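Which chain is which? They are A, B, C and D, in the order written, and residues in each are numbered from 1.
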Amino acid sequence: MSDINIGKAKSARRGFAFDDIAVVPTRRTRDPEDVSTSWSIDAYRFDLPIVAAPMDSAMSPATAIALGKMGGLGVLDLEGLWTRYEDPTQQLAEIANAKDEDATAVLQRVYAKPIQPELITARLKEIRDAGVTVAGSLSPQRTAEFSDIVLKAGVDMFVIRGTTVSAEHVSKNVEPLNLKDFIYQLDVPVIVGGAATYSAALHLMRTGAAGVLVGFGGGAASATRNVLGIHAPMATAVADVAAARRDYLDESGGRYVHVIADGGLGTSGDIVKAIACGADAVMLGTILARAGEAPGQGWHWGPEAVNASLPRGSRVWVGSHAPLENILLGPADSADGTANIMGALKRSMATTGYLELKEFQRVDVVVNEY
Amino acid sequence: MSDINIGKAKSARRGFAFDDIAVVPTRRTRDPEDVSTSWSIDAYRFDLPIVAAPMDSAMSPATAIALGKMGGLGVLDLEGLWTRYEDPTQQLAEIANAKDEDATAVLQRVYAKPIQPELITARLKEIRDAGVTVAGSLSPQRTAEFSDIVLKAGVDMFVIRGTTVSAEHVSKNVEPLNLKDFIYQLDVPVIVGGAATYSAALHLMRTGAAGVLVGFGGGAASATRNVLGIHAPMATAVADVAAARRDYLDESGGRYVHVIADGGLGTSGDIVKAIACGADAVMLGTILARAGEAPGQGWHWGPEAVNASLPRGSRVWVGSHAPLENILLGPADSADGTANIMGALKRSMATTGYLELKEFQRVDVVVNEY
Amino acid sequence: MSDINIGKAKSARRGFAFDDIAVVPTRRTRDPEDVSTSWSIDAYRFDLPIVAAPMDSAMSPATAIALGKMGGLGVLDLEGLWTRYEDPTQQLAEIANAKDEDATAVLQRVYAKPIQPELITARLKEIRDAGVTVAGSLSPQRTAEFSDIVLKAGVDMFVIRGTTVSAEHVSKNVEPLNLKDFIYQLDVPVIVGGAATYSAALHLMRTGAAGVLVGFGGGAASATRNVLGIHAPMATAVADVAAARRDYLDESGGRYVHVIADGGLGTSGDIVKAIACGADAVMLGTILARAGEAPGQGWHWGPEAVNASLPRGSRVWVGSHAPLENILLGPADSADGTANIMGALKRSMATTGYLELKEFQRVDVVVNEY
Amino acid sequence: MSDINIGKAKSARRGFAFDDIAVVPTRRTRDPEDVSTSWSIDAYRFDLPIVAAPMDSAMSPATAIALGKMGGLGVLDLEGLWTRYEDPTQQLAEIANAKDEDATAVLQRVYAKPIQPELITARLKEIRDAGVTVAGSLSPQRTAEFSDIVLKAGVDMFVIRGTTVSAEHVSKNVEPLNLKDFIYQLDVPVIVGGAATYSAALHLMRTGAAGVLVGFGGGAASATRNVLGIHAPMATAVADVAAARRDYLDESGGRYVHVIADGGLGTSGDIVKAIACGADAVMLGTILARAGEAPGQGWHWGPEAVNASLPRGSRVWVGSHAPLENILLGPADSADGTANIMGALKRSMATTGYLELKEFQRVDVVVNEY
């Protein structure tokens, strides 16, 4: 790792974003028909390496089910509108209809209503009854409070997602979640993050997590960089965490922890690059929020945007581009990388000569601008 | 080749675009009148190092003939409108008149009509009768199907052009074209590509190709980068493939395979830089589509834009700048690098002290931004 | 320090701006409630590492007092409107109401009125009576002339601030201020700058200064770069001066001179990065000028803008965003890094695992673009 | 000089523009009043290191005289309107009033009128009679034809200026100017260029030139980069040619050839950086064309813009900012670096601790973005 001197008393590493890189074909090409995009985590196999970001703008019970039926993994935010309101239709409309200058205030008000545990149970049952893999997410702050209800309701996969989740959270005021103990006692596989460095990810892997989210869930709906000065160029973050996966595989004598890129994924080209850097799958927010079925109705926001004292994101317009199926599987009627994203992934793998996602992690990469 | 660490588990090479570089004069200057821009491929000699991109927006039989008479090489797309319609005038008008939001759909519909083999024969005859070098192109997918008809119709040069063409295409469903066998059995020289790396180009050279297209036919009409995440900064791609030419020259005991830059060439300055990086000639789409005679009537689109499930380009407005002759040979009435492109090339060579294209490949180059 | 060749006869160092870098979390996270942002300089302790830039657009006696009560350090420009006019209300209105093309002329006229020493005394008394730490600033040119009055009026802290202040100012016309003698004779701690290099800062530290301002007070209100060609990328400047602090600590046998970043600080993220590069505190102009209470009424200008022959800044619109308290301590109603800046700093420190500002100077940093 | 691999068959050097760098203060500051900006070339001493670019938009006999009286060196283009027309007032009005789309054609028509040798004599006499240093310029193509007339008319300094001028111009059609013989036989000092590399400049120095112009006269009025692909990042070009000056000084046993930056100089900050990179003086076009007295009346164009077959520039709007005196010596009423450029240079030198231009060539430089 070459070091850069910021000044005489500070050095830094270089980081690369997906925009800074591209994949490069080599001497062999393949038929896109022969390409597989399937992956497995724990006992669950998926045709598509797509995990939904648990965000109310993209995931309702209905869209989680639809995504599951198409081959991905839907994840419902168990601290979102669907567990606060019996029927959040009116609240979603309020958010969609708010003026720009009022949007943050509307979000803060709508999300102030307490979570109703019985709704957690009901929502998860609805997804389970549809016959797809059931996954819900909690923030690390709420995991201790609601995890029993979640487990009793029954999930196949549990997601703990925050801006930054560490294996070692220290607080003088609140007894923090002991991730290692928590995961050890659970019956279900846990996906946890975000983490953006080798060291943070390695420690999360040692807690027993089945998957690690890489990034800060950033992208269009986040302002982590302006407000907190925190940023992780995603290509570098994914490649670093992939190294942690490799080293932990050795250290653990064979536990393969899945690396799921979470942030900065606006186009199919970005998904291609995430896997090229070592991701096993991608967690998508913006791209899914653009589906015609998305509850956000063309608007997109993250859990950081509803914070009462320090919002770190806002409601942003992403548009309603196409039905979910076209976004995932095509056909596309535009060439901007927001539709037929799995067709694009297959064609990119075929063009560069790869048949499987795991092999494609080795594809050659070029830095465009330096 | 210095390596860049993207992250702990991934390294990459640096790539440079034409915009990143410029040529630099040295101590001697020449008279532009003394400069020659001629080049030869196989038995054919051309005054201008210009090969037309086989795109319906730029090339009709008439413009292919006109280009040939001015000293370049016209190439007709044998899977385009001219071999699907007896008279594509109406279809070209439909494309030109379509609203932006309908353009992709119009392209998809118009190109859905099957190719008529007898039109291939007729179009090539029309070009041959005009007394210029005859060249037509097919995609690798269609080469096996139509090559017999093409050869029977008679061509001087055969172009196989796709986004990425490899010497080793593997498919479980379709028997792929064996390029080496195919070229071996042909009587005519074959130009094939795109390829963007040393290795891919070297393998194409070993198939017996007379010329290799460098790049993905990119530029204004392509969205390969956003959709597929694939990109080849052109200055680097050309310089890499030029190295393959040099090494193959040694390996083959003297076969000189021509390197033809194909993509990213929007101005005469870009053409200058392509040759400075080692290209023997350039394949032009956008620049020729700007001619008053161009069938696109100011619009430009590539074969990727008509794909039914995953369009990777769209119809773009490039304008009608000047008659073809002014674009190629001047006089220019603007200073934006889109007219008198051969006058510009001659002056650039003269200013930096070179008389021949082959020598100009050694001109000094500077990286503007790093 | 790696050197860059500009050309054969000139080499340079690389410099980084705050925008070029970001901080990166590691394996531990903290509770923002546990984080302290306090710092001390000489005998004075502050809850917030915020020193106001002595600019009339941001600091009146009233806002200096308000800032002090909230935990920061207000600094009044003792050569500004408040010491030229008994009541500058009308002058502030003239500046705020001037058309863009007249603004520089209005500033030049309004600031042409002589400084009235008795107003220096009165303003400082007003601040002292409010019970907060009293600090006023003079330019190096005026320090000799007015410092006696200032000291007699009584200040807790004295600021000498110019575009560039050196320990060794040489002039044939005017007897320059001997900083070392001056500071030695003073009873109060002195903060002096701007300086932007290791060497310049080290010499300032040797004069006995308690704090050094890093930068040229740049940012929105300055045109030092276009006009003078002088620029100091702030991340590098802060890291260099932090090294001077460390080396001077050793050289002096234990004098810790505080490093205060002054310029380029437009968002809470920038403040985070300044401290990450080694700053002990930040001097803020633009951010405070955005307060509803700010005398500039949404306009911002610096002392360079009023220069009669060579203005190096102009009146710029920064807007009135929120009450000062919200800007400093929240709650924020937007996510652009201009409000709840201390909440953001605490959260950033917590997210990256730090409890104290001094420790946070060691946080990992990444270079985004290279 | 570190090399960059463009690709396997091509390497390049890095180049830096003025925008990429800035000067940095060190530990000492000076009083601007003590700074001298004078320089001498041959027997001529100037208070200001400013040579006018011989362009009709900036230089008339009247403005050449005015510049001379203020301490710079005016240079009249002896192939421009003033030697083609007895009174070019009407032609200048036609150019100023032309619509954008007609401007190139108007330039081509107006400049088609032949040069009248007697006007060369008359214009130079007019300048001489005013008592300032007399300088006129010819292109290398016309130097042989008109130099006798120029010398007979009497000049103090002779400028040979083209896009690229080499010591060794080779032509099969025209007997090229033998610069070395020509300069040897002349009585007056010659300034010649543009050159942009160490080698090209060293050879020009060996012809006996008194000064070398660095750059291609680029800037706002030129399109050399788009059209020809030729570009020389100016900071690097100046630093390279300064090295040639140093080496030639040794080689020649003491001949100091002056380095004059010519191009890319839009603000006083750029002038500062040119000298910081090693220039002895600067040749200004755009900045002088902005004077109220400039014949271009707010428009600016170069000799490349009138080329009949390959224009490499166009008429551009630069505006009428201020009287020439304010532009050179102030006072300035804006902070964009276009007025009081000598005041800015003096202040920049003072701020960084330098009294003389020659010393200021050693000032520290930082690369802002890398």
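Please note the rule applied: a contact is a pair of C-beta atoms (placed from the backbone, for glycine too) under 8 Å apart; a residue touches a chain by one contact, two chains touch by 3 or more.
Here the structure is a predicted model, which means the values were calculated and not measured.
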Chain A to chain D, fewest steps along touching chains: 2
Chain located farthest away, centre of chain B as origin (C-alpha): C
Copies chain D and chain B - interface residue numbers shared by over half, same or different: different
Centre-to-centre distance between chain C and chain B (centres being mean Cα positions), rounded to whole Å: 57
Rounded Å distance, chain A centre to chain B centre (Cα mean): 40
Contacts with two or more other chains, residues of chain D listed in rising order: 14, 236, 369-370
Interchain pairs in contact, sorted by label: A-B, A-C, B-D, C-D
In the complex with chain D, residue positions of chain B that touch it: 1-2, 14, 16, 21-31, 33-34, 198, 235-240, 242-244, 246, 267-273, 276-278, 330-337, 340, 343-344, 347-348, 351-353, 364-370
Chain D-facing residues of chain C, complex: 4-15, 17, 20, 104-105, 163-174, 176, 195-197, 199-200, 202-203, 223, 225-233, 236, 304-305, 308-314, 369-370
